[in-house]
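Consider the two complexes below, in which chain A is the common component and chain B and chain C are the respective partners.
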Partner chain A sequence: MTPRLSLELVCPAGTPAALRTAVDAGADAVYAGFRDATNARNFPGLNFSRAEMREGLAYAHAHRCKLLIAVNTYAEAGAPGPWHDAIDAAADMGADAVILADIGLLDYAARTHPHLRRHLSVQASASNPESINFYQRAFGVRRVVLPRVLTVAEIAHLNEQIDVETEVFAFGGMCPMAEGRCALSSYVTGESPNLRGVCSPASAVRYEKRGEDLVSQLGGFTINAFGPHESAGYPTLCKGRFTANDRAGYLFEEPTSLNVTGILPDLRAAGVTALKIEGRQRGKAYVAEVVRGFRRALDGNGRTGALGNMTEGQRETAGAYRRDWR
Partner chain B sequence: MTATLSLGPVLFNWQPEDWRDFYFRTADESPVDVVYLGEVVCSKREPFFRDHIPAVMERLRSAGKSVVLSTLALVMTDKELSALKDMVTDYDGLIEANDLSAVSLLAGRPHIVGPYVNVYNEGTLAYLAGKGATRMVFNGELPATSVRTIAKAASKLGVETEIQVFGRLPLAISARCYHARSRGLHKDGCQFVCGEDGDGMDVDTLDGDPFLAVNGTQTLSHTSVNLAGHAAELTAAGVGVLRLSPQTCDMVGVAAAFRRLLDGTVSVDETQLRLREIAGGVPFSDGFFRGTVGRSFAESAA
Partner chain C sequence: MKTSTPLGSAFPLPPSVGDIGRSLTQLCLQPPLTIMMRQMASHHPAIFERMTNYAAAVFVVDPTDLPVRFAMVLERRSPSLRVATDDDIEAATATIQGPIALLVDLLEGKIDGDALFFSRQLVVEGDTEAIVALRNAVDGEEIDVRSEIARSTGPFAGAMRNLIAVLESVFARGRSRLRTLQDAILEPAANDIRSQRHDIDALRDQIAELKRGGRKPRSGFSA
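Our next item is the complex of A and B:
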């Protein structure tokens, strides 16, 4: 029998309903954001009012699950009010941690709410022990969410050199770029992950029928074209087909999903504390299936269910965790 | 308009002799005051031009230029981190930190915070100023409203600010090499194919529209930033240094055009005409600064 792997399962809660679903499906922690530009999934119809967050927190705690609140965009110059308010609210309601990326906000949180646990968001792109130790020394960060650029061997080596917990992405969308350092979306749509909490926003997306083909566009640029027998994906900029050196193809990344179920023991052995499932924009059914699948995998109960069916285009990758991804 | 011109680090994998000669010509002919150099994108390239660094620095200093060493933007491996530590220990001149690891190592001594470190607001700036930052280079996606607010806070803190006003704009950095990937190679066996594209590899849409440029692990805009039309606004806001990011076009000519604009000897329109001549067919953009789609360019600034 596979031994139980004591990795904390951190699950997405884009809505109150998804939060309850994730808790019921066996999440050890859920992460959520307020309904404004202070979090990196600022999509229409998602996120939490203050009252909803309080209710979600009560529900999570009643089921021995933690709630982490993401305030992981960069505060607007001259107008940090909404970001400070979000951190204050998280502290006041007793959230288990805030997930922050902005140095100004980390500084604010450390000074204003020293007892509020601080996690470093993947959006801070801290990819080496020197950076991580800096965030720990300067702001008392207790956990770092690692950017999706490191191999398992590099993560193991990193964990030997730092005194903070590491959380790694385990399943779902796969940014090929170092997170928090990408302005591709705002270059063509004006909407940026760092400033507005959105990437390749739906408002900038258009689909166009050209003969038999379906063409997807973002900000007026063709991101992909699908033949009649291909399933059309969402035009996230870095997952499109482009031409370079007269060759057309997925230059940055294939439309594929990250799935680490095949390397769970390796991640545990590398000293990883927590696994993060991406997908606050996903519905309840998806969250339930993925969280249950990971719960079973972590508890050593064999099959991971239909996880493979939940991946984008039903294709999956171990991403940057394998060196040959580079 | 009182502002200093700087030349940012060469971002592309130029032949070592071309790299050296570019800086020699800058020393001899360019009206820039500050020159940045060093490998920002891929640590595999640095050994190629390492031996030329002392001569280049010497030539630039003799010409009265202020020289700054730029660090790598994405530091992942032991080797990269120890090279960074060596740079900080061995070099007592000014260093531009392009990753938080460099900020950490430089804390307590005067340094420059580069455009790859996310400074989006005055709170972050104030913290970094407390660690020794004397100049901060704006992230390329910041709108004018943020630039003004941060520049104002910076002047109160005694921190200079700098913004890129010419050249393709860095948009993303990755662990993966897209230059290698475009040839069916991996980063470990890349054959340094990035050396074939002095201004980056053109990336077009499936419709054939020019879209982006790839420089190894870095993705840049297809357009060249051009903030000549905003130079007066920038200097009025207190942005003291205007950065020209090297491309293979005549960068001495670009620097001369901006210098004359800042000195008030030519108009914005004449400057734009001159920049168009130099840049060839490369379209310009100023959208980020205007708070809109980054690739766009205001007709009034054209």
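Our next item is the complex of A and C:
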């Protein structure tokens, strides 16, 4: 039997039911956010009220699972109240950590709740030793969630130069990998993913059947049309199909999902502490299947099984971790 | 917007017959639908709480393999679930379309909505924000549709559970046989199309070759 890989499995929860599902499926930690603009998945009908988060925390702790609360958008200038409230609430209810990106909020959390563990969100886009060491020195950050731009070799080299745990994305949607700095969807929706927690907000999205084709629109612009036998993708500009130089195609990113099950030992050897499964906006069926799959793989009981049907575009990649095109 | 017949597109009927059919369908289905929605409001108040901003939204649920569509309004105090009228379909905030078994699995959280959408088994149209809110609100609950239906029949709940099991079994068998029949009819046609496509591609290649080199096409091609 393959030996157990001691990587912490950090799993998404957009609802209390998804949280319980993740815990039952074998998550070591669950990350979740409050139902407002303080977290980067501020979608309608999603996320937790204070009472739901408290109940979720009790459920997680009763099953020896940690709960990490994401307060990972950037606070509105001059009005940080909701973000401070979210951090205070996380500390009061005994969350195992807060996931932050904004240096003002990191400073607030470090000063106001020094014992509350602080993780640096991928939204901070910290990908080199100088940056990460700065966050560690200035705000006592204990873990950094690395952007998806690094190869395994680069992660190993980075880990040799920092004294902070690293968490990497293991499964889920890919993006142009400019987390925290991407304003692409803002140009057509007027909403910021980094300030309001909405990338391609649903209010700006329309799907329409035109004959056998499915057409997706964002902010009134047609950004993709899927043929009758073609897998669909998310309605983000980075996954749009455009015509340039008389050729239509995916200019930025194809609708493909990340899956690192093939390189788990490599990530462990590179000094990675935790694996993050993306998808707080996904349903509990996704959470159950993906978390169970990764739990099996980490416990040495085989691979994750077929997760392809869970992926955007129904295709998988190891992404930048194996940058074969270089 | 797709056009509608009173009982949906699966079994289009003449208007007068359709009106009678609609009335009969409403007559039979409305009482259990009303009770079911009341039960949902009672057992799953969190759904309605999460849907507060969409209380006036009319969701049309269109099971593609049933001759009926449903209109649903998740207003906390007076929620409603009914057989969709033409007016409902016309005024729908959003429409969700897919096979009934998948819609039930989706409602029960057994299957992921995004995965269904990626694979094109689920089609959504209209106000995406309202659909996303509905999906998230429903997914946050643990719903057992068969039990909800059975409970809506009051003292006949046990008998209804058995009936649902029998209907599901019959439905699954029927669908399997229909698929076999479809394959038997469509496969030869699909083979013909594939063969023709192959011939067309070969012709295109030859034309391109002619344009490039001005040479005569190879002999021996038969379309």
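Keep this in mind: the second predicted complex is superposed on the first by the 317 of 326 C-alpha atoms of A that agree within 3 Å, B and C clash if a C-alpha of one lies under 4 Å from a C-alpha of the other, contacts with A are read in each partner's own complex, and residues count from 1 in each chain.
Simple rule for what comes next: a residue touches a chain if its C-beta (ideal position, glycine included) is under 8 Å from a C-beta of that chain, and two chains touch if they have at least 3 such contacts.
Computed from a prediction, not measured in an experiment: that's the story for all the values here.
When the two complexes are overlaid on chain A, chain B and chain C sit side by side with no clash. Looking at the shared chain after the overlay, A:G262 reaches neither chain B nor chain C. Look at A:G300: by the touch rule set out above, it reaches neither chain B nor chain C.
When the two structures are aligned on the shared chain, A:F134 is found in touch with chain B, with no touch to chain C. In the superposition on chain A, A:E208 makes contact with chain C only, not with chain B. With both structures placed on the common chain, the touch criterion links A:G190 to chain B but leaves chain C unconnected. Touch criterion met: A:K284 reaches chain C, while chain B stays clear of it. For chain A, the partner that touches more of its residues is B, with chain B and chain C as the two candidates. Contacts of A:L150 after superposition: chain B is touched, whereas chain C is not reached.
With both structures placed on the common chain, the touch criterion links A:Y108 to chain B but leaves chain C unconnected.
The minimum CA-CA separation between chain B and chain C in the overlaid arrangement is 18 Å, rounded to the whole angstrom. Comparing the two interfaces of chain A, the one with chain B and the one with chain C have no residue in common.
Residues 73-78, 80-81, 84, 99-101, 103-105, 107, 116, 118-128, 139-142, 145-146, 149-150, 169, 171-178, 181-183, 186-188, 201-209, 211-212, 214, 219, 221, 287-288, 291-295 of chain B are the ones touching chain A in the complex. Residues 14-18, 43-46, 201-203, 205-209, 214, 226, 228-233, 235, 281-286, 289, 309-314 of chain A are the ones touching chain C in the complex. Listed in rising order, the residues of chain C touching chain A in the complex are 2, 50-51, 53-54, 109-115, 117-120, 123-126, 128-137, 139-142. Across the complex, chain A meets chain B through its residues 74-78, 80, 101-105, 107-108, 124-131, 133-135, 138, 149-150, 154, 157, 176-178, 180-184, 186-190, 192, 194-195, 215, 219, 221-225, 238, 241-245, 247-248, 251-253, 320, 323-326.
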